[in-house]
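In the two complexes that follow, chain A is the common piece, with chain B as its partner first and chain C second.
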Partner chain A sequence: MARFLIRRLAHSVPVVVVSSFLVFAMVAAAGDPLAELRSRPGVAPETIALRSEQLQLHKPVPERYLGWVARAARGDLGTSVTGEPVAPLILRHLGVTLRMVLLAVPLGVAGAVLIGVGSALRPRSVLDRAGTVLSMALVATPVFWLAGLLKEAGVRFNEAVGRTVVFTVGERSPGIEGSWLAMAVDRAGHLVLPTLTLALVAMAGWSRFQRAATIEVLHATYVESARARGLPERRVVGVHALRNALIPLTAVVATDFAAILGGAVLVEVVFAWRGMGRLLLDAVNGSDVHVATGWLVVTASVVIVLNLLADLVYAALDPRIRDA
Partner chain B sequence: MGSSVVARRFLRHRSGVLGVVALTGLFALATVAGRVTPAGHRRLTTDYSQAPSLRHPMGTDAIGHDLFLQVLHGAQKSLQVAVVVTVLATVTGTVLGAAAGYRGGWVDSVISRLTDLVLTVPVIVVLVVAAARLRQQRDSWLIIALMISVVAWPQIARVVRATVLSLRNRSFVTAAQGLGASSARIIFVDLLPNAVAAISVSATLTMATAVLLETALSFLGLGVSAPDPSLGRLVATGQGAARTRPWLFYFPGIVLVSICLCFAAIGEGLRSALGPDDDER
Partner chain C sequence: MVLAGVCTAAQGSTRSRESNGLPSFVSDIEDRAPGGSLTYAAEQEPTGFNGNTSTGATTAVKNVTENLFFYAMKARPDSGVDYVGLEREPKVISSQPQLIEWELRREAIWSDGTPVTVADVQHYFEQVMLKDPAQVSTENANGYVNDVASRVGYDQITKFTRVDDKTFRAEFGPAYGDYRSLWTDIPQARFMRAQRGGWDTGLDDTPGPSAGPYLFKEWNKGESLVLVRNDQWWGSPKPTLDSIVFRFLPDTASQVTALRNNEVDMIYPQPQVDLVQEIRSLPGIRHSIGFGPTFEHLTFNLKHELLSDRAVRQAIAWGVDRNEIVDRLLKPFSSRAVRVDNSVVLVGQAGYEAHGAEYHSADPARARAALDSSGYVRGVDGIYEKGGRRLSLRLATTADNQLRAQQAELMRNQLSRVGIEVRIETVSARLFFGERLPGGDFDIANFAWAGGPFPISAAKQVWQTGSDSNYGGYSSPAFDRAAAEGAVELDRTDQLVLANAMDRALWEDLAVLPLYQKPTLLAVRDRFVNVTDNPTNEGPFWRAQVWGLRKKTS
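Our next item is the complex of A and B:
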């Protein structure tokens, strides 16, 4: 198992190196990070020359990248165009985004298991048909439009209730002060709609997968033999079938983490969150090489860690993997 | 299985047929509209912010654009992107996936790492960064289609690789090897025909993915550039007006969802036409 994990980690390193170089080179070639500074009246040429020197704009891109890697290896992700250290900047925004993502994933899994197993147990029932229609519709719905729909629904809901219950703008109310509890409630109110959007999108594909996996297990010979031994159906399904039917979903969820983070970027734009999505778009628009590359490395690392966690869960559930 | 059998089985799949008919109809309508009023989607009328009417079936925006023509034009662009991406990604993915599955070794390692890349790095990020670099170009939809192909092919390669891997030690392959067939011949004549079902289903899925990625990029302002309308940008501009002029937000979104639903239905139809008889799944 340990060897398997180490091999997985070793495979991830070239992925991060290659993709970070691509992002570094593309953002570096996209534009002049000091364009805004240059266009501002009254900025001394010496200031621009100094900033240009600090950002090493005169050096070739591969050399700048290698310098960046050398510092990144020691945990220093450089500074942004405005001179802010990148690592804390990214961590601050990552915290905001992960709040939504780490809540949406379990929510999506729970929904997918309920719908998937439910419709597999009763094929062609009302639940099965409703689940099929719902997941097909959700798979076909772009996440940014679904976010817009839910935002609109949230506004209407608030109007109907007469006060703001679910917030539709931002990740927290500006300038909120008070007890720890008041702040938690405020953040929870802001979390509802974005998290729901992300969870629904993830749930759609997973529930289809869970349905197919459950049907497959229900037809497996060991389940037939459990039935033939006269075990009550409840025990056959609950104990024998379900445990194995839930395992494959773990792998699917793991492969979807990157896509979910990508979806979070769009959800954040709709709900005007200041998380990783905003940070990336600002970095790309401002040709901020260090922020964009740091963004990529940090998100890729998060995905890799989440993937490893999923592998561990998979191994814990499936002895064939654990002992391999 | 002969192609006529597949066609007959596909035609029995009602929603799949409906998907083909609807998409063909949409594309034809957009083409006709493009012929009748070549710059109709760009024309500024004096009907500002009008609700849907006979004159403007989907209403107009604040500066008098006819939303129906804009949506048609945007849908056409999305479909063009989908077709280009699917052709490029399917050909590349099939060839490289088959090579990886059959040859193994370093070819397999390189292709597997590329697949990992797409599973580790959010695809939208690669596209956002590349789009920022390339957005000044003309014919932006073609560039976007190329970019999406680059991130879309590993998915198909993965499917093809898995199919080839499961078949390459079967006796008919050993027999072909024994008869002295070249690797290329074995891949194209013996192995790939067995992967047609898997390839065509993932190709249809790729179409939907391409549409979703193109519109997402345009939604962020990095996709199909003005003056060409894109469904993604229409949704983005309609968002702010969802309250006062709901048609600007809902119509582009509904058309977008319908396009993706059609692709999903076609995929289901192909799956049932090409797959084994299995009514329960």
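Our next item is the complex of A and C:
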């Protein structure tokens, strides 16, 4: 098992190194971080020259990249164009994104299991067909568009009830003061729309997967034999079939985690959460090489760890993988 | 560098405001009910509180510090100047050498109870100009120590003298005509001295005591910044709002939804037709459109082989129908949008004169005649040629700007009618301002300059021979002479005469074709009163002390 993990890691590290150089070089080539400064009233040439020197803009890109790698190896991801240390900046934004994801995943799983298992138990029923249409529609809908639709629905809901219950921007109302309960209600009101968007998108694919897995299990010989032994159907499905049908989904969820993070990046931009998505957009727009490259390394590391975790879960559940 | 200074196209206030219920700047201040909190959707987050560092010299910072720090003056919407922090207008003690005296408001105090004194101003000045011979290098010939965005004006002061706690004098060498613009956005000296980060980073997280109508309360990075009422404020009228919340929402679409959903109370986005229509349809929201201090224009690259010919520039000036641009792109949301015929003094500013009369309306026949007389002949496809070279020019502008994309398309069609081919090139703003313009890599560039109530130093930076921001490579003895005289002229009226002389030189040589002033859009929830835009670069926060909740009529 240890050798398996080491092998996987050995594959991942060069990918991170190469892609970090590409991001570094592309962002550095895309523009001038001091462009805005240059276009501002009365900025003295020596001010621009000094900033340019601080940011090492006069040095060739490979040299700047190597300097960055040397510092990054010691855990220092450098500072942003505005002088803020990159590592805490990324951690803060990652925390925001994870908060949305960690709530959306269980919701998505619950929805997927309900729809998937329900459809599998009654194939071609109204529930199955409705579930299929809904899943397909959601799979085909771009995530930012779905987010926009839900946002509009949320605003109309508020207009109908005459007060703001669900919020469309941010994680909480700024400067809000009051009881613990009031704060919790406010936070929840901000979480509804983005979490729902992300959960719906995740649920769509997973429910199809859950349906297929459940149908397969329901036709497995051990289920047939359980039925043949005269066990009640509820026990056959609830204990024997469902338990086994849920195992593959666990691994799929772990593997899909990276994709959900990607989706979250779009969702948070629509709902104005200051998470990883906004950070990347700002870094690219601002030609901020350190932030963009740091972003890539941290995100890639998170994805690698999650994929390893997915492998471990799968291996634990299915000995054939572990031994392969 | 860009056209410097604070400015004002006061057109945005009384004369050209599309009033949808918002009071104009001179109208009475409405009665206010006590309390209330106004949330503003800020497109950008401040980087700190020092508004004169290379990272802090942004509108995002100024919007916050405008109500915190000491200001000797603020620009009014009508391009006049209010000496908000002074006892009186700065006094000219002598003009040869130029010696000016400022007297700070006697009652001005910081929120910690200590008076605002000459020590605060002097410390600011010393930090801006701090030099160390050890720092001298090729990039930093003067050996400046601190990261200062602009030293304009301060670097002309040869001697700073404290007269008493509230009075000081500055001697300028040579003369500096725009001395009225100095001493704004000044933090407390005692606080700055106590900060370990000093000038460069000492104010990154907190501004210290306030000399304005509001106090800094908290800043949740990435989310919001809160100011609360400063009950100790010495000015009048006293603020009544409990707090102003800056909520950081970078995306305009999110801002509008948040306004509709009661999550923010005020937005100040870049106007576009569909956006204005959407805001018009929102119940309980009032909006106003003003005309700002930035104006769109075409800058010609005078080093370009074809554009160095004045006849070609004339053909463009006659070929581009500026009235059609205004009618089609701006009139749909503001009936009072106008063409601007002066690149130095803007519409609505005192002293504005419309120059370039022969180009006020498009004249394709005259455009063609100019090309014919310069030896151009029309090719088979209708595009002029001379010596085998087609009259085909690149029009560079910034990407992701709907208005600019539309006007570029419009100008391409207009110019194709007179036989000039235009190839539109849109590049990212960073590339455009960072490389294309400074590198002279353009034929015609469409972008905006900001004017101000101090037009001479602004225009001088842009069109004086050899100036950094003189991207088109313009050089004119007439312009340079007027600019040099204007820079040392102390009288406001005479300054404006010289400013207009500078613009006449620009029209004579057709170095630049001004198009129109960019509109500003302010939308505010009806519950609040006295929130008005100052379409100079002061913006809507110029007078936040008068904001308040609408008084319920009984």
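Note that in this section the second predicted complex is superposed on the first by the 292 of 324 C-alpha atoms of A that agree within 3 Å, B and C clash if a C-alpha of one lies under 4 Å from a C-alpha of the other, contacts with A are read in each partner's own complex, and residues count from 1 in each chain.
Simple rule for what comes next: a contact is a pair of C-beta atoms (placed from the backbone, for glycine too) under 8 Å apart; a residue touches a chain by one contact, two chains touch by 3 or more.
Fair warning: this is a prediction, and the values are worked out from it, not measured in the lab.
Residue contacts after overlaying the shared chain place A:Val155 against chain B and chain C alike.
Of the two partner chains placed by superposition, A:Val69 touches none, neither chain B nor chain C.
Once chain A of one complex is fitted onto chain A of the other, the partner contacts of A:Ala188 are absent, as it touches neither chain B nor chain C.
Once chain A of one complex is fitted onto chain A of the other, the partner contacts of A:Ser19 are limited to chain B, with no touch recorded for chain C.
In the superposed model, A:Val252 makes contact with neither chain B nor chain C. Shared-chain residue A:Val143: touches chain B; no touch with chain C.
When the two complexes are overlaid on their common chain A, residue A:Ser173 makes contact with chain C while staying clear of chain B.
Once the two complexes are overlaid on the shared chain, A:Val27 sits against chain B while remaining clear of chain C.
In the superposition on chain A, A:Thr82 makes contact with chain C only, while chain B stays out of contact range. Overlap of the chain B and chain C interfaces on chain A: residues 30-31, 151, 155, 269-270, 285. Interface residues of chain C, counted against chain A in their complex, comprise 1-5, 37, 39, 47, 54-55, 57-58, 139-142, 144, 147-152, 201, 204, 217-218, 220-224, 226, 243, 245, 247-251, 254, 257-258, 260-264, 428-435, 438, 450, 452, 458, 461, 468.
Partner chain A is touched in their complex by these residues of chain B: 113, 116-126, 128-130, 132-133, 208, 212, 215-216, 219-220, 232, 235-236, 239, 242-243, 249, 253, 256-258, 260-261, 263-264, 280-281. Those residues of chain A that touch chain C in the shared complex are 30-53, 81-83, 92-93, 96, 151, 154-155, 158, 164, 167-175, 269-272, 274, 278, 282, 285-287. For chain A in complex with chain B, the residues that touch the partner chain are 11-12, 14-16, 18-19, 22-23, 26-27, 29-31, 123, 136-137, 139-145, 148-149, 151-152, 155, 212, 215, 255, 258-259, 261-262, 265-266, 269-270, 280-281, 284-285, 292, 295-296, 299-300, 303-304, 307.
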